[in-house]
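Letters are used for the chains, namely A, B, C and D, taken in the order the chains are written, and counting of residues starts over at 1 for each.
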């Protein structure tokens, strides 16, 4: 890339760019259905399938859980091909943006970022987990991922009745909140028809309430427990978009950790690892924007360096950030 | 050349001014092509250190700082003015000696000596309403009590000795927040987002200017001598922030022209030296002066009177006062390579990084006799540099000028060994 | 900064609570399979304090088998009823013999009552709301009201029930009943029974030999000959495509001077797999159709945005149109009877339309036994008399009495088992609980060191 | 024929060395520094040249080294005594199979230098803060025992008893300690040996800081003292290379460097 173009990209005001990108993605994935946009049903982020008319494609977790809950003879027989093609499509979508899907495209993530900016405007402090809580809670998403596989398989095997179908979707705040954006309050219910649905829809509603408060107080609250993020991480090795760190240039000033929504310590403390994206990361790239050391943190798409930390870019963003917010009060 | 009012000065100021004058004259006169923009700094030191002129300071309360680990932005934000009290005068070193044990850090002795002179102490910044004394190195920590004896209001800023752990980080954030509350009591002004934001903008402008200067020193042939940069950063201790930043920006502009013209400030093939260790504070620029007199050039430094004080810049994610104060606390703790921490691998990595970026040929490691932390780190830093094939000269000195003879011999020998090594490497195919 | 651990423990506890509830639900005695156990609630009699006593179990089922035999009308049953996979000839022979016995022994009254006794005693259900009037007798006609339905006649076991049996693991979501039997290629088919009796609860299977008329989703008419084997009249037909299949049975009886024409109609849907039909298919398949061969017909009017999957639920408004050779019939007497026998009659208005609201009459004693896929059958009968005269099979008649029947299924509505209020309540509880939890946590954090906080 | 001179203006003695065109040492001259070392240095140079019938102009290149190197205007160039000592020892050591470590005990300081096989200084340590372990310590001790410096070597070997341990490290206190020992009737020989061993121990500690590699070259005035050489060899447990003129190695090094610089300038490197 010519150096002038590179300088322009490195000096980008990431906050503004990401805000508009997320807004566009939100409109696409929540209202795309009205424009007859249909990107299939293997999307790697929460374009919720319950938002019947508006959705531009279905989040892969819904069809995955349906396919897995087919009776075993079918599932491990001819229906298995359906599962594999579904996963292959999901994988192809995923490797393009890696976990950038969470940071830039996911409507639920965007919703949480909007809640965060609302809190910021109201002048309310955000909360942090602290290292101990972080280390314990980072496992929850893998537990949820395992349950999301096991429960449908149990249904297929006849161990659980069909009321447990699509278990994660029933407790996911996305199912309850995203359809509200297309004026469809159908999901705001507790289903008493059986134990399974009662427990799951009850949990779903409670978690929706918890989600609203959590996302308001803690930045990207739900992404910390999201099984999709866990699934992403398991298959993130061959992805094209990568977050790279050069330990030698790092002065361990901790700026990247300071701005990280997900409160990841490894970004600042780990000097050996080159591919620095951890399981919690959403590739929102705020760390690269906050790094003053040229070339210490950079984003590569198929090994082409598309955005990297530069001193000039850092100063421009800091001055703008200061000026931008200072005039508010 | 005796300044007009020297006889009216009380006797003890006389010797202090003499010492500063000898050093400043050496710094200015022995080098032919000093940048024009340095005139501001030479004149500043002449007025403050030699004529003993009182600095015109804003009427706001003065807050003295004995270390870089004091968040200046908070002081500016509550409307006070910070001044760094670390002192380099051998004269004050002798006065301070009767507070401290024989073999102890000259810098702390000099600082105590200067504080002993109350308002008459040079640089004259008037009455100090509060002195902030972070519990970084031991001798400075203990000196806090002595300052209280002298009648100063001392705030002991609790600083952790470990920086990797979560507990240390929280402990430091709490003590910085507590410090901010004390500052608010001192000036009666509340810490608001707007004031803190403006304060950070001022220091950020200063840091940006310093970084430009820092990056210019990577030029080979080098465009500015190390002694000038030390003067510039030493001026940051007491000078008005805006005036200092303008002067540095002017200097940077001039140096950019020099770089374009390919001007060489040092001799041809002068060995490029990285200076680290105890902070050189005017008038004790003895070691850098000796290096550059012997034909070397100090291209980079890793000391808390220059690079470590101004290099790393804070970032703020959300512009709310609480998070701004916390990120300031993080910014002072996490990147710091001060030897008072338990581990010094950050410092070793930083030194190797600087050597690589600035293509330094050798490292001069200054340790004030009695400063155990720097003396003890000499071993590990030496090992790391040795493995990287970079020669290091370890110098244990103090503020007295009487070992300049011996030091110059050592430094000359060190520079000569670097020159012969470079010539040999150049002769034998120049492999690194 | 361990500033706010933000009720993480709470969330984890909630998650655990959820899985514990799940485990408790599984272990609960009354799970789906044992629902409507014939021996009533509680553990089966052959289970003695947790151990299954095989001998007692075998004895119990043997006794049950006799009881079934006794309950069936033909008291002196010859050899036992042919089981499911006996050869068709054996089954036809058996039924012809049964029909002959029934014809001989049936008292003049309504044969349906006897059958009804079989399962009256068992269901401890609250008695269905007393039918407004005893099922009206349709003139002096030999048989009660005739109607076709795709729900099999009741043979003991639960009232109502699910098509295709209640095997757990039945995929409910996508209505893939047809799929469940065979692989994708097995030819799907449907079966329709003729029932007699005004009250679907106790209407007994009727017999007959008329040829059934079939109209497929594409409007193609066909005829389905049925040999009169004396057994319950039923007809099976293939359902290759998705859509509505209309099956008609027309019976004409001369009763003194009036000709009774009864047209029984069943509208059966075949909804295949796949994610719903495209918009064009829906437009083609969903609208109601009439059949020229049928003198009188009741047509159920479609709700707006109705698809093949749409179900009639309790509380829905359901409206019919009575047509005579395609023309609406004014003030015909239209009676709607619910699954438990509750009925309501109205006169059809000037364009033959009559509308009712489907009442809820499914009240399982424990809410845990509630089955959201519980299927009930409603019956609509329209009758009117026209002064047409003519002769039929040698008899002269001065007026004709037309009777049209239509049956269909209805299910519990979403509102019967989903509650918005509770949902919002729990959501609000979650919101308030965590909100106040965090607020309190921040206010009086129990930390040895008093936190310093700045508020803007 | 070109001539090159290296003059080492030390704290106690001024040493000058004359080297001919192809780098061979032709002559040396040693005089006391005295107080007017500038005048004495000029006199030493003149004496050296007269000794070989040369004029000042015939000297193509002259390098001064030692403490007074910067103030000796006569010199064409100046070099630190560490580098000069290294080059001198490297050159002189070739005859003995190469040297890697140099121990120089001067009048008022003591140095330990480590060089690589080209003679470049790798690492060095100096004790220039305290007179203990330097020539001054020997002078003071000899004066107290009123023995000449030259006799110290003989006294060391004539001693019958084991060498006494002089435990005070400081020159001034050592003086009072020696007087005490004399008063207690100890033999001068044992005291001299004790002094030699105390200097040797200090020098060993200094050398350890730069690392000791084989063939240690020992020079400087006190190297003339056989007793001290023996004590140092005993402490170091290594073979010591002591040149014939240990005092003038640094001056010799300066002369060699003068020739090299002169040749380099001619070739315009």
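As a working rule, a contact is a pair of C-beta atoms (placed from the backbone, for glycine too) under 8 Å apart; a residue touches a chain by one contact, two chains touch by 3 or more.
For clarity, every value in this text was computed on a predicted model and none was experimentally measured.
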Chain at maximum distance from chain B, centres defined as averaged CA atoms: C
Pair exhibiting more inter-chain C-beta contacts, A-C or B-C: A-C
Centroid distance [mean C-alpha coordinates] between chain B and chain A, Å: 45
Intercentroid distance (Cα basis), chain C paired with chain B, Å: 89
Distance between chain centroids, defined by C-alpha means - chain B, chain D (Å): 40
Touching two or more other chains - residues of chain C: 1-2, 453, 455-456
Shared-contact residues (touching 2 or more other chains) in chain B: 166, 170, 192-193, 320, 322
Chain A, residues touching no fewer than two other chains: 123, 125, 130-132, 329
Which pairs of chains touch, using the document's own definition: A-B, A-C, B-C, B-D
Chain C - residues contacting chain B, complex: 1-2, 449, 451-456
Sites on chain A touched by chain B in the complex: 120, 123, 125-126, 130-132, 248-249, 251-255, 258-259, 268-269, 271, 286, 290, 292, 311, 314-315, 318-319, 321-322, 325-326, 328-329
Of all residues in chain B, those that touch chain A in their complex: 164, 166, 170, 192-194, 197-198, 200-201, 204, 208, 211, 215, 311-320, 322-323, 327, 330-331, 334-335, 346, 349-350, 352-353, 356
Chain B contact footprint on chain D (complex, rising order): 67, 79-83, 109, 118, 120-124, 126, 128-129
Chain B - residues contacting chain C, complex: 166, 169-170, 173-174, 177-178, 180-181, 191-193, 320-322, 325-326
